[in-house]
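Two complexes are shown next, each including chain A; its partner changes from chain B in the first to chain C in the second.
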Partner chain A sequence: MLQKKICMVGAFATGKTSLVARYVQGIYSDKYQTTVGVKIDKKNISVSGQDLNLILWDIHGEDEFQKIRMSYLRGSAAYILVVDGTRRDTLGTVFQLQSKVEDTIGKVPFITMFNKYDLSQDWEIGEEDLEELTQRQWLYCMGSARTGLGVEECFIKLAQMML
Partner chain B sequence: MSDLPSKTNQGNSASHPEDSIVASELSELRSLLIGPDLKERCDNSKLRSEDVSRVLPEAVHLALNQNDPTISSLVVPTVESAIKSSINTDQNILSEALFPIMGPAIRKAIASAIQNLTDSLNQSLEHSLSPQSLSWRLEAWRTGKSFAEVLILRTLIYQVEQVFLIHKSSGLVLQHLAAETAAAQDADLVSAMFTAIQDFVRDSFSISDDTLGSLQVGELTIWVNEGPQALIACVIRGNPPGQLRLTMENALERIHLLQEKQLHQFQGDSSVFEPIQPYLEECLQSQYQAKQSKKRSSPLKWIGGVAGILVIGLSIWSVLSNYERHQIDSFVNQLNQEPGIVVLQTHKRDGKYVISGLKDPLAPAPAKFIAKTDLDPDKVNFHWEPYLSFDPKFVESRVQSLLQPPPTVTLKIDPNGSVQASGTASQAWITEAKQLALRLPNITQFNTQQLIASENSALIDLKTKIEAQTIFFTQNAQLVPRQETTFKKLAGDLKTLSKTAKTLDQNIIVFVEGHTDFSGPELINLYVRETRSKSVISILSKQGLPGNLFKVVSIEPPASITAGSTRPPAQSNRKVTFKVNFVNPSDVDL
Partner chain C sequence: MLNLPEPIVTFLCSIVVRDRFPAYLQISKAGVLLAFGGACDRYGLDHLHLHQSVDDQIFFLTGLLPLQEPAMHMPFLQIAEGVIAEIHMFAEPEDDWIILCDATLENAKHVLIQQKVNDLSLLRREQAKSLGHSMHPDVAAKTILDIQPTGEQKSLAILVAKCCSTAELDAQTTQANPLRKLDAYLSTVSPLILDEGGIIHQNIGNSIVAVFGALPSTRIAPKQAIAASIRILEACEDQQHSQCALVVTTGIVTVGLLQVGFGKTLTVIGEPMDLAVNLNKNSEAETLIIDKPTFDQLDQMQRSFMPTSLSGRSASAAPLYSYCKL
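Let's turn to the complex of A and B:
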């Protein structure tokens, strides 16, 4: 069994902890709890016949008061950039974060996840945003921690990229 | 080398003089450099093998002496495949080869396991009933842990409960070992979280190179030794010795030496690090509290001990002896308070107490009082002289026993020795009791005044019956008709009374009382009264009663009747009544 460290990176309140909770425990809570420092969880999966032990580092979100400690990302096999689809500015945050992460740990697989896809009326991500991601050759997926939509698929896709 | 010149000479003779000189020189040089049979040796594999076989043992020996790890690592696969091949071919060969060492090894392992089990049992037994164990049991109950866990925790100086080998950059766990008695958590999460804490501390305090050397959480200490690629973290309960740091350091160094390449190229597959587990096991140390050693006692201590035991023994004996003495005194006091027992002397003989004195035969047995004390009945003997106690209880008991009174008689004995009898009894018993009672010691008087002879009682009954009878007359001194039944009954009663009185040595006189009313002159009335009495006597005499039994009595009308205004009917006073008197009565006043 291979162990892989995966980091959840994104602006604050984008739903990183909820995505991990949905993926690992299959639960969702409306109660917002800000992450202090880092939370660690794990999930055993099998991808393309290979057993993987994903060690998920749920790192606190970045905002103007609190910057992500890049040391948490050392040794990551991959990372997920989490964007709140109802807050377009969080996409800008991940653009900045990605370059910082790449400076710190080098080129490793990553995927951008647009969370809160169930809140379609508040959705702020437009075609031009997705176009920009395509131009950057970033892989992305849509999902919702609340409904579970697309969450597992996103993690599986990332796992496949790691192998 | 001895044949070289001859070969050279042969060459010279076969060619041109100059060429032959050159050829000869070349030949000599070749011969000097590589020898005449090198080609043959190179071409002949058998010869080559022989050459290698000569130097191989020496070369291996040299390499081992130089501590070159390469030779060992090269040999390992060959030896492993050789053993595998040998087993596949014939298992018996290796079995036979290993047999001499397998037996002792197994015995040693079993002995070690049994020793561990015995130690564990001994420890459990030692701690099973001590006050300390009770407090541990309380702690176990309070904390919800098993008693064994608490026992281990409290007798432990230190124990390395878990050892983590962690990949430094990713925080992924490479290997994890936990002691059997320790409760291990998810190693992956602990390892990652531990790395996160390390990162946090390093970032927060701007320390780039150093690492968090130790953590203290309650009773747990976490020691960390960091290498270039990996770190060892030991979770320790208790107070570890500094030596453990060295062990960790050594293990880390050897792991880096052996697995440097794997550590560099680590991509999440931790199975490649399984061979280094023995190095981590060395870190999984523990030390329990040593049992208190049995030191050799000095003679002085022995003497002190014996003296102490003697003093304690004497004290116990003294206390027990005093207690026994107190018990005996208390018992003797109790006996003395009992009526009919007088203790005169108490002494100890042959380890037994002898109590002697006087005892009334009617007093209860003293042995029965022993049961109420803590005294051993076998340790107390009695010696009693009989005597008569004048205690009222015993006097009464003796009177009752001797006189055997019927249930109708009550006897009261006063302290002066006077017996007062009351109730009813036969004359025979009364007579006998009078004689017997005075024979008893301390009986001075037997008073029977309140005692009625049962026979006299019958006489009185008959007397009362007779005296209740009345014979009525007309105005002319004639009997009122139809009184025959009364006469018959009266005659019967009189006969019985006369007969019974005779048996009691008594005679009777029946006064036949003639009555008249208040009319007419008294002289005539007197005559009528006597006439009426005589008339009745005459009738009774005819029924077999002797005439001398009767006596005529004239009863004057009462003054109230003669002078009173409320006069009763004349008829009721024209009658004859009876009075019975006993003549020569014995001592009963009738």
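Let's turn to the complex of A and C:
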């Protein structure tokens, strides 16, 4: 079966682990447990009549003490840039990370996920931010690991881009 | 090997084998499993079939083989429930080798510390948010800031960070728009200031003014301000097209809340503030200039600073120091 490695990339506590847990196991927890290193999960899907085995690499977030090891990204067929919509600076983080990732593994499909869409009252992402993404020709989606909104769609969209 | 006596080598090896549960895989360049051994089942690698492709057997290797570089190291990889492996891979002319060791305990230690760091960082952000928005400034001053709303004398460190790349106005693309640049700059700089225990006082033109020492901390204000400054310099270096000029001063100022327009804002008055704003006017990209009171409190960090004189300043003016990356 066709097997593809996909990495979750973004600042810490944006919801990378939660998105994978929601997508693969269908579960969610409000308790924050930080990731150190990588957790690997599998998910079989079928897109456009093609069976795919997604190998999901949930990589620790970037912060003051843990810089993301680019070697973790080697061999990725695609990646998801995760932004916490209630922390606008995490968008700046993915802008920086994306160019580092591209330097390491070259041009492969990616999608930006604005997570925590359930917290609309704290939303810090504005129209002009989305416009900037459009200008960069970045594909993005909104969603919530908490409610499950948009999560599956995001992974499917990315899978379609890989085929 | 390192010229160690045989018993020592044997003993060290026995410790590694005993505590780390090593396992290995040998894989041909075509992706066929040639050999395996050690504690493979610990890492969920049971039922391995020799002389068959690894693709369907060992899923964490997807995309990685054959190795593109001579060696690769991944310190923490959770490939089976409850077990975290440290993985070394290296390439030989004919085959690739993979070594797995148990790093579960080591990982747990890291998680403990990292969790605290991240929790604190999130908490700070929350604090800063409530300071800025919802909370009444009077309440904020009493409960979060370590100051009297009616005004008091306090020793603070003042950091002024100027964004130097906003000059050219090009309305054609929003990316070159100075406002967008300043915005990107502020969102890079602000969390660094908050992380080091500072609060953002105001922004004037293309500069941001932060004060350290108003929030309770175990570190002295000038050290916090310098730590923030160095991280800002590094962050700007990482980001193409963004340059910054930084100034830090320290000294006694009067702080309090002042009615400005419709709301009360934190107000800081005094010589260190005037000096910082003055120095900021002429400061140049990729520099960090500090005054003597700041310098005097830096202990070992003093080694990273050199006396400097700025053009346009009279000889009688107080000495200044500039940051030199070691």
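The definition used in the following text is that the second predicted complex is superposed on the first by the 163 of 163 C-alpha atoms of A that agree within 3 Å, B and C clash if a C-alpha of one lies under 4 Å from a C-alpha of the other, contacts with A are read in each partner's own complex, and residues count from 1 in each chain.
Following the convention adopted for this analysis, a residue touches a chain if its C-beta (ideal position, glycine included) is under 8 Å from a C-beta of that chain, and two chains touch if they have at least 3 such contacts.
Fair warning: this is a prediction, and the values are worked out from it, not measured in the lab.
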* Assess the superposed three-chain arrangement around chain A: do chain B and chain C clash, or do they fit? => clash
* Of chain B and chain C, the chain that contacts the larger number of chain A residues -> C
* Counting only touches as set out at the top, which of chain B and chain C does A:A13 meet: first, second, both, neither? -> second
* To do: Quick one: classify A:Q33 as touching chain B (first), chain C (second), both or neither.
  => second
* Considering only the touch criterion stated at the top, classify A:T134 as touching first (chain B), second (chain C), both, or neither. => neither
* Asked: Touching A:S46 in the superposition: chain B (first), chain C (second), both, neither?
  -> neither
* Have a look at where A:R69 lands relative to chain B and chain C in the superposition and call it first, second, both or neither. => both
* Which superposed partner A:I55 touches (first chain B, second chain C, both, neither) -> both
* Asked: After lining up the shared chain so the two structures overlap, which partner does A:G92 touch, if you call chain B first and chain C second: first, second, both or neither?
  -> second
* Is A:K5 contacted by the first partner chain B, the second partner chain C, both or neither? -> both
* Of the residues on chain A, which ones does chain B touch that chain C also touches? -> 1, 3-5, 37-38, 40, 42, 53, 55, 69, 71-72, 74-77
* Structure fact -> As the complex stands, chain B meets chain A at residues 167-173, 186, 188-189, 192-193, 196, 199-200, 202-203, 267-271
* **Complex contacts: residues of chain A adjacent to chain B** => 1-5, 37-38, 40-42, 52-53, 55, 57, 69, 71-72, 74-77
* To do: Flag every residue of chain A that touches chain C in the complex, lowest number first.
  => 1, 3-5, 12-13, 32-34, 36-40, 42, 53, 55, 60-61, 63-66, 69, 71-72, 74-77, 87-89, 91-92, 96, 128, 131-132, 135
* To do: In the complex, go through chain C and note every residue touching chain A.
  => 55-56, 59-60, 62-64, 68, 72-79, 84, 107, 110-111, 114-115, 117-119, 121-122, 125, 173-175, 180, 184, 187-188, 190-191, 195, 231, 238-239
